[in-house]
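A, B, C, D, E and F label the chains in the order they appear, each numbered from 1.
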């Protein structure tokens, strides 16, 4: 997976941690929204399980949008495109779920994601975070790059023992049970603030 | 299948009992609804038979909604997403039918499902409950967890003899012929009350 | 195929006779209609030929609806779901054609089907009834259950010789050339009455 | 292929001649139209080439409808269903083209087809009739049944030598180059009359 | 490929030159348009490459229609059907591109195509004509029939040496780089005239 | 890949550099837009990865269009057709991403592309340019033709050492990290000018 330069907090992009045959990798997930009809476009040679993860993430984002009092036509009159570079490398599995959810929610709330946070975890449509595989390799990959903080499922707490102490000490590690906890860590603004401020509309030309 | 924490009565989620090569398992089924066009989204690596079960459950739910005098646009102007974690594990068979129906009906009536009830049974579009396989293994799985009550098809009554007495004594076991009986046991409010109260509208931002 | 209890004359359900490698079987066919866009949903692991049969049955039902002066939006603004339990057992062949047609026409005219009538026969879109296979095994299956009357294609009259006399005597057997003859036997009201009474509208909440 | 009784001149049904491994056969083609959105439904286990033939026939019928000054919404607001019994027998090839076209045009003009005419020939979207295979076997099949007249492509004139003289003498044989010639022979009213009379509207309940 | 009689200049039909394992062939391409929703129907057992060629031809035709100031709803409110007889013979490759384009443009401008012109060449969506294979065999096929003029890609000029002198002398041969040059040769009216005359509307009943 | 004459700066066409088993190649990419419903048509035997690249390019173009203050219905009420001649040659991979993006953006801004510029690079939906393979072969192909300037990903800078010095000296070589840099080099007008001038509407007949 390519090492795109990613040194700024940006809207609609989040750092995931992938696990391949050759070890762990950081993996950028990009989300863009545009005037549309409520479709979800998925590119980057994603497998069936990863595509379903993206749909689960989108469904959760729609529920959160109600709580945040966002206008419902941000989904019905827009299309969402989730792209995972590099385009020619097949990717699969459910562990990018919370990363996709974070990128989508960043896009709909126009809130940047901290560029030095990386994350891994399966998401359910109610926002629960389920455990994933390859934690050790993913932690090593995070430490190799410019990542300072990683977010992992509570259900993987036991696997932290397998991660070398040096790596654990070099990273701020959060274990979470729900995507709302992920968002508090990864987004540059807290959800509580957004809920108070009421509608946060995407800047779209109409 | 993952052991998501599930210690509260929630709307749109119900406990199923699955039967795999390695024994019985509890299996959460999540349902979320959102502004849409009447589509049914199915994720969690469901096989063809299980997908058809979900369609049968939805058709029954639409008929029940008429009896409960719910507004018909809860189906025509909303989408329903049924997700069965964990996302990477293939699942199939008709035995989740009544669990899917219960989760959908919980969602459309905004009525929580008792978190300590688990169930198994095929559903037909008229709401009849048909027998399933693996009753013994499913009962064992229910007893292992925090489940107090299980609902099974009348047609499986004969298979109760295969379940160890200790397990039978530790669980409240209901045998049913129709999904309405399941709902009386699993939902926190009775259908009769709902029918009296008239329309029970989902809280949706418009 | 499961032996659902079916002891009442009901709307939208009819008894078919199936022929499998292990002999004949009775087979319930359920039809439900709901607010929709004119779609036909087919579940129960139906093969291609059986799906085409259902489409042929629906087309005939649409033509009959004109004769009965039913409102045309009972098809354009509703969806029809044909389900054949049990959900996990693959089924195929054209011989359920007249059973599907009977269940659909029961549903659109809100007329119950006699629960002790079973039937078998291919249907064409003009309502002609064509011969089927396995008549002997089907007659035996009907006699085993609570069926009193069977309806079979005129083209299978010759095959009645293969049915044991005892079975033939225990059943009322009708041979038919057109689905209208089937409906006169299977429905609890005659088509002539319906045509006189004019529009018979399904009770649908709008 | 089944020998449906077909002893009356009917609307929307025409006799084709098929050629299979076991010889020639007569083959009924049924067409029904209904309130719809311009779709063409094809059933009877038709292969790809035969499906394309049906589309070619429909396109020609649309062009002819302009000449006959039929209302254009007989296509845009109706669906057409072409069914070829028996439902379980696979059929393919382009030679049913003119039979399908005749049945469709019978349906849209509400003009019966002579029940004792059978035909075979490929059709193009401009209405040209192209030669087919198996003429001898098809002629034999026609003579075996109640067919009095057959219509064949001009391009098959040379193959008539292969047909036994006795058969040729027992049938009225027409060779044609365009579907308009077929229609003059097969329909019970001439196109010229229809064109004079102006609009011939199908009797549809609205 | 069949030798349909084609002795008149017609609208919506053009002569192509095909190259098969058994040599060259002339090949008629028929186009019909009808009231519709902007769809392109392709029949005649066309392979993927040939289908894409037809889409390229249609896109070019849409651009030309702007230059000719044709009403834009000739595409958005009509369907186009491209059929290549004989219906049972599989056809593929990009070399029918300019023939399909010519037939479509004949249809939309209501301008007949010279029946004694045949052509071969790949088309791009900007109307460029690219070289094709089998020029020699195609020229021989053209000479065998009633074709007087052939149009070939400039990029195949070098291959003319392979064509016997006798054949070259018997045909008028044009080499072209753009479809506009093809149209000047094949259509019975020049594009310049059409552009001057302004809108040339197809005679469609509405 | 064919050597179409391409000696003028044109709208909606850009020079790519492809890498095949037999070496490098220049490859024209054509884009045409037309009245439509927001669809993207892709022809030229493109593989899955290349199709996804085109979708990524289109998504980026939609975002850029907002910055350029183009009317949003240039996407919702138009279709885009991306064609890569020659039509019969299969093509795949992500490296045509920036070429497709350039051709699309040329088309929507009605700005010609310099005909002597060629380019290669994967694009992400945020417009980032990622490295590609076969740089040496592509540079050689560019030098063989009439190309004067090539644009390559910054991430391929290290691979320039593999390119013979003579070739490097004969070409103007730009390394880029974002598609905006590509557009400044390849388009005949700068984006800054377009942004100042406000809306640049495609000349479309309505």
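As a convention for this text, a contact is a pair of C-beta atoms (placed from the backbone, for glycine too) under 8 Å apart; a residue touches a chain by one contact, two chains touch by 3 or more.
Every value quoted in this text rests on a predicted model; they were computed, and no experiment measured them.
Here subunit B and subunit C face each other with different sets of residues for the most part; under half of the interface numbers are shared between them.
Superposition on CA atoms relates subunit A and subunit D by a rotation of 180 degrees, given as a multiple of 5.
The distance from the centre of subunit C to the centre of subunit F, each centre being the mean of the chain's C-alpha atoms, comes to 60 Å.
For the pair subunit B and subunit F, the distance between C-alpha centroids works out to 52 Å. Listed for subunit C are no residues, as none touches two or more other chains. The touching chains form a single ring; listed from subunit B in the subunit C direction they are B, C, D, E, F, A.
By the touch criterion stated above, subunit C contacts subunit B in their complex at residues 2, 4-5, 10, 12-13, 28, 30-32, 34-37, 41, 43-45, 81, 83, 85-88, 204-206. Interface residues of subunit B facing subunit C in the complex, by the touch rule stated above, are 38, 48-49, 52-53, 55-56, 59-60, 62-63, 66, 69, 72, 75-76, 93-94, 97, 122, 124-126, 128, 130-131, 155, 177.
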